[in-house]
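These are the structures, in structure tokens.
In what comes next, subunit A is part of two complexes: it sits with subunit B in the first one and with subunit C in the second one.
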Partner chain A sequence: MNKILLFELNTQSLGFDLHYVKEVIENKNIQPVPLAPHFVLGIVNRRGKIFTIINLAALLGVPSKELSPDSRIVILEHKAMDIGILVDIINQTKSVSSPAQKGNKTRLFNSKGKEFCHRVLKFEEGIHLLDLEKFFTFLKEGKFNG
Partner chain B sequence: MDLDKYIQIFFSQAENYLREIYHILLEIEHGHVEKDLVDHLMSNTHSIKGMARTIGFSDVEKLSHGLESFVKNLPSQKEPVSDEFGLLFEGFEVLEQLIENLKTNASQKISYQDLLNKLQSLPFSSDKTVAIPPAGGDFSPKLKGYTHAQVRTETLDNLLNLVSETLLCQNRLATISKTYSLRELHSSLFDLNELIKELHLQITLARMMPIKILTDRIARIIRNLAKEKQKEIEFIVKGEDLEIDRSILEGLEEPLIHIIRNAVDHGIEEPEERERKQKPKKGTITLSISRFKETTMIQFDDDGKGMDPHFIKQKALEEGLITAVQEKTMSPEDALQLIYAPNFSTAETVTEISGRGHGMFIVKNKVNALGGSIEISSQKDIGSKIIIRLPLTLSIMSAFIIRVGPYLLAIPIAKVIANTRIVPQEIFYQNHKETITFRKSPIFLCPLHTVLNVASPPLHEGGYLSLVIVEIGNHHMGLIVDGFVGQQEIVIRPLKPPLNHIKVFSGITILGDGKITFLLNLEELLKQKNP
Partner chain C sequence: MRNKLVISFTGVILWMLAVNFLSNLIMDSAWKSQALSIAMGLLVGMIFGIYISNSVSKNLFQLVEATTVVSEGDLRQEIEVKATDEIGKLAASFKTMVLNLRQIVANVKKGSHKVIQSSDEVYDSIKKLSGISEQFASEVEKVIGAAQKQFTLLSQDSLALKSISDSVGKIATMANVASLSASRAVKNSYEGKNAAESAISQIQGVFSQVEKSILLTQGLGNKIIKMSRVMEIITDIARKTDMLSLNATVEASKAGEYGKGFGIVAEEIRYLTEESKSSAKEISLLIEEIQSENAAVKTSIGEGVAGINRGRETMGTLIKNFDHIVDEVTKLGGGFEEISIETNRQAMDSKTIAQAFEELTKFAEANSLAMQKSNEVMGDQKKILEQTKASSQNLMNTAHKLNEAVAKFKVADE
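Here is the complex of A and B:
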């Protein structure tokens, strides 16, 4: 049984495996990075550690929403990278026992978004599950223009 | 003590013993057969044998036993015959492989029986006299009189990271005390800063390793390679007792060996060719290591065939790296720089004729990654010279902080020649590049705001631009910036994905006030500006 963290980007519901989450922090003090790929929002200094903040909406091709007091940064657990992702609202965690049925991927995503969403959960509405391993590999390989 | 722990100790000790052994062998080969050296050689071999026996590494035990017997009967005070002596090199190399295989759990079998037979059949090998000592002697603790402790390298890395973080924390406190004008706190923090710097120095020193470890390996490589290529080469090392930071030493291994291989393979001519050129039959490769302030300098010289700038230019033209006009106008010094181009270095025919050049692109990248620079000069038929300059340590450096648009950036102070101001009227164009005259020579400019895609810097009151002149190898470049922030000790951390793909930065750091700053990769800027 896996626990899933659910969140929203614009009005799209997404989720990923909870064991990737280290902590959730407020969205503040983000410094811009010169020459960064378009999906990098900036960096934050959190207790002397530097995290790169990813604008997930820009990466997946979901129209970005204005930042609100509900926006959060989800700091991810990874041994070689210090990554946080910006999400609009954190919803809840959910337990998923069986492999989810496949549904139609949202029209909102670009090709990258379709690649990262490996399956769609059919709860009340479609919840797109992200494959974070693919996401990490993408960041590592650095082919950001293709 | 459990066996696993024994085995770990064995591997680390064996490595030390072998390192020592190779050093002695090289020394003996250069003609100093002293009883001391032979004794030392024997005791090291004996130690490996004893430990291997305790653990039950029987192959290692048998071979080291054979080697020990051979060494024991080396005629002292007489120069050993080289063929027989060569067998010792071979023997210890096989022994090293045996140990390496055990360490990595490799299943591949190494046969050493022939070698053992050969060792035993040589005149001064008599197995009768060697008594195998009782097992385990080398593990007995001898606490008294120990001046060295073995520390795990990981522990040293952790210590260095911790002291770096402590320095950052102190920087933050200093900023706070400045903001609130807390004079007493300020003076305590000053003392603390001195202590942390001293602590950092001591840990840095603990991480230092003699470069001899690497030069001994290089000596062996030259020895084997020269034999294989039937060349005669004298290898001279100067300053091998200098110590450098362990991580720099590790990073240096591949580029140094690469350069040496190039020199032996393509630089030094065959004996007949050298005689035809009226050069000494034996070629010479010299490696000199020296330190000046915070820079370690490694210099290679060989008296081989050198590189031909005309040939390099022709090849570069064929490869489409330069235009026909450039081929005519390019200076010989600039032509040599072409060997760093990635496309150039892969052409095999080029390396055959031009001397060195194969893979210099990789060498340069590795050296740059260590924060160092590389310089090459060469004269046809006289030889080549390569100079590598490296920082003392990787993690802490003095940096000059500059401002460009909304960003703060750091430049290693070691590379800053001057900060100055110019008026736009001073700028002229040379080879289509913005250039100024500085201390009577032309220096081309690199406007950082265009590199970083930010708005042009405002002209300061009085109509001038701020300029930082930097030195990259033997090139100078003027960086146009918005302003100077000052000098600081910074702790450099590597860039992690996805930021590591931004080539113009080579590291990241947090300043005292918590602001994040990028370290400029000057080599990359130069490359972009001067392709």
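Here is the complex of A and C:
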């Protein structure tokens, strides 16, 4: 039984495994980094540690929304690699017993988005599950321009 | 003649007596003597008779001749009278008669000539007169036409004048009314001025009230701003609590079975924060509304103040205008009074004129009627003239006839 964190990018509902979440922080004090890829917003200093913040909407090809007080930075942890992603709103956490089904029912994603979000949660229509393993692999490989 | 007859008759009788005596002497027989005396008597009687008849009939014959000539109309002859007897007397009187007749006829002839001449002249004169009278009649007809026109024009004028007089009368009453209204207007404008002045003082009171309410709304605005700041803090706290509860949930899930109860608590906290967040949001919205309404009140009060300022200015000008109005209306009232007096006078005058015109119209009517009558009289005159003409013609004819009748008589060499 996995716990899923549900959030939104613009109008698109998404979710990922709560297991990867280290912390949720406010969207504050992001410092832009020169010559970074287009999906990198900048860096944030959190209790002396530096995190890179990814604009997940830009990476997945979902139209960006203006920042609001509800937008959050979710810091993920994967094998000694911590990274922050910007989401527009965090809805809830949910326990899911059955595995997600295959399927891609939105046209909002680009090829990367389709690659990372190829599964759909069964309990509610239209919620795509983000495959964080693939996401981290993509980041580690560093083939951002390909 | 009677003497002749008596003498001859006496002679005859004496002769008869003498013869009778002589015969009686001579003759032996009575019969013979008687026959002789009768025969002698007859002879002598015859001789005497012839003599007497001759002497009488000669003069008578002459007289008869003269009367025959006279009866044919010749009065020229002179009648000589020699005899002294009755015939002579007759002849003499006949002569006198002829002389008289001659004179009369001559006079008649002269008279009839004169009558013809005169009647000719009269006829001519009548002809001329009738011509003149016809001209006069035509002139009179023209005059009648003119008089009728005059009458109609005058009656129209009279009507027009009457209506003018009426309208002038109306104007006079209107001017009276206007004069009264002007004086009322003076009073009203004074009242208006006073009202405007009191309105200005009232507006000043309103203005101070408005200033107070502006201060009040400003204070309210400040409090609302403070309130919204407090709400921001509340919202921030809610957000932070939300995040903390989320992180607590994350930590609880990582703790596995041991963190399960804590996870539930954290979840509950999260729901509460969601609720407080939404409540704070509602309150914020309400505050925003209050703020915007307060701003609207402020702007409307500002507008009101501007309006009041403008009103104050307008009232100032209004008072000035009222002053002007009072002046003008006072002047106007004086003017209206004069107008009223003048129009009253005018109304009287026009009434008089209208009456005069009415009388004039009556005169014109009478004139027209008189003209028509005179035309009738002219017609009568014409008839009389015609009659006179006819009479003069008759007279002339009669004179001619008389002349013809008298022409039979020859009086002198003509």
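Details
Here, the second predicted complex is superposed on the first by the 138 of 146 C-alpha atoms of A that agree within 3 Å, B and C clash if a C-alpha of one lies under 4 Å from a C-alpha of the other, contacts with A are read in each partner's own complex, and residues count from 1 in each chain.
We take it that contacts are C-beta pairs under 8 Å (C-beta built on N, C-alpha and C of every residue); 3 or more make two chains touch, one makes a residue touch a chain.
Since this is a predicted model, take the numbers as computed values, not measurements.
Contact comparison for subunit A: of subunit B and subunit C, B touches the greater number of residues.
Judged by the touch definition given at the top, the superposed model places A:23 against subunit C, while subunit B stays out of reach.
In the superposition on chain A, A:33 makes contact with subunit B only, while subunit C stays out of contact range. In the superposition on chain A, contact is made by A:82 with subunit B only, not with subunit C. Every residue of subunit A that touches subunit C in the complex is listed here, in rising order: 3, 5, 18-19, 21-26, 69, 72, 90, 92-93. Subunit A contributes residues 31-37, 40, 43, 45, 48, 50, 52, 80-82, 136, 139-140, 142, 144 to its touches with subunit B in the complex. Per the touch definition, subunit C reaches subunit A in the complex via residues 235, 239-240, 243, 246-247, 249-250, 253-254, 267, 270. Interface of subunit B with subunit A (complex): residues 165, 168-169, 404-407, 452-454, 493, 496-502, 504-505, 508, 510, 514-516, 518.
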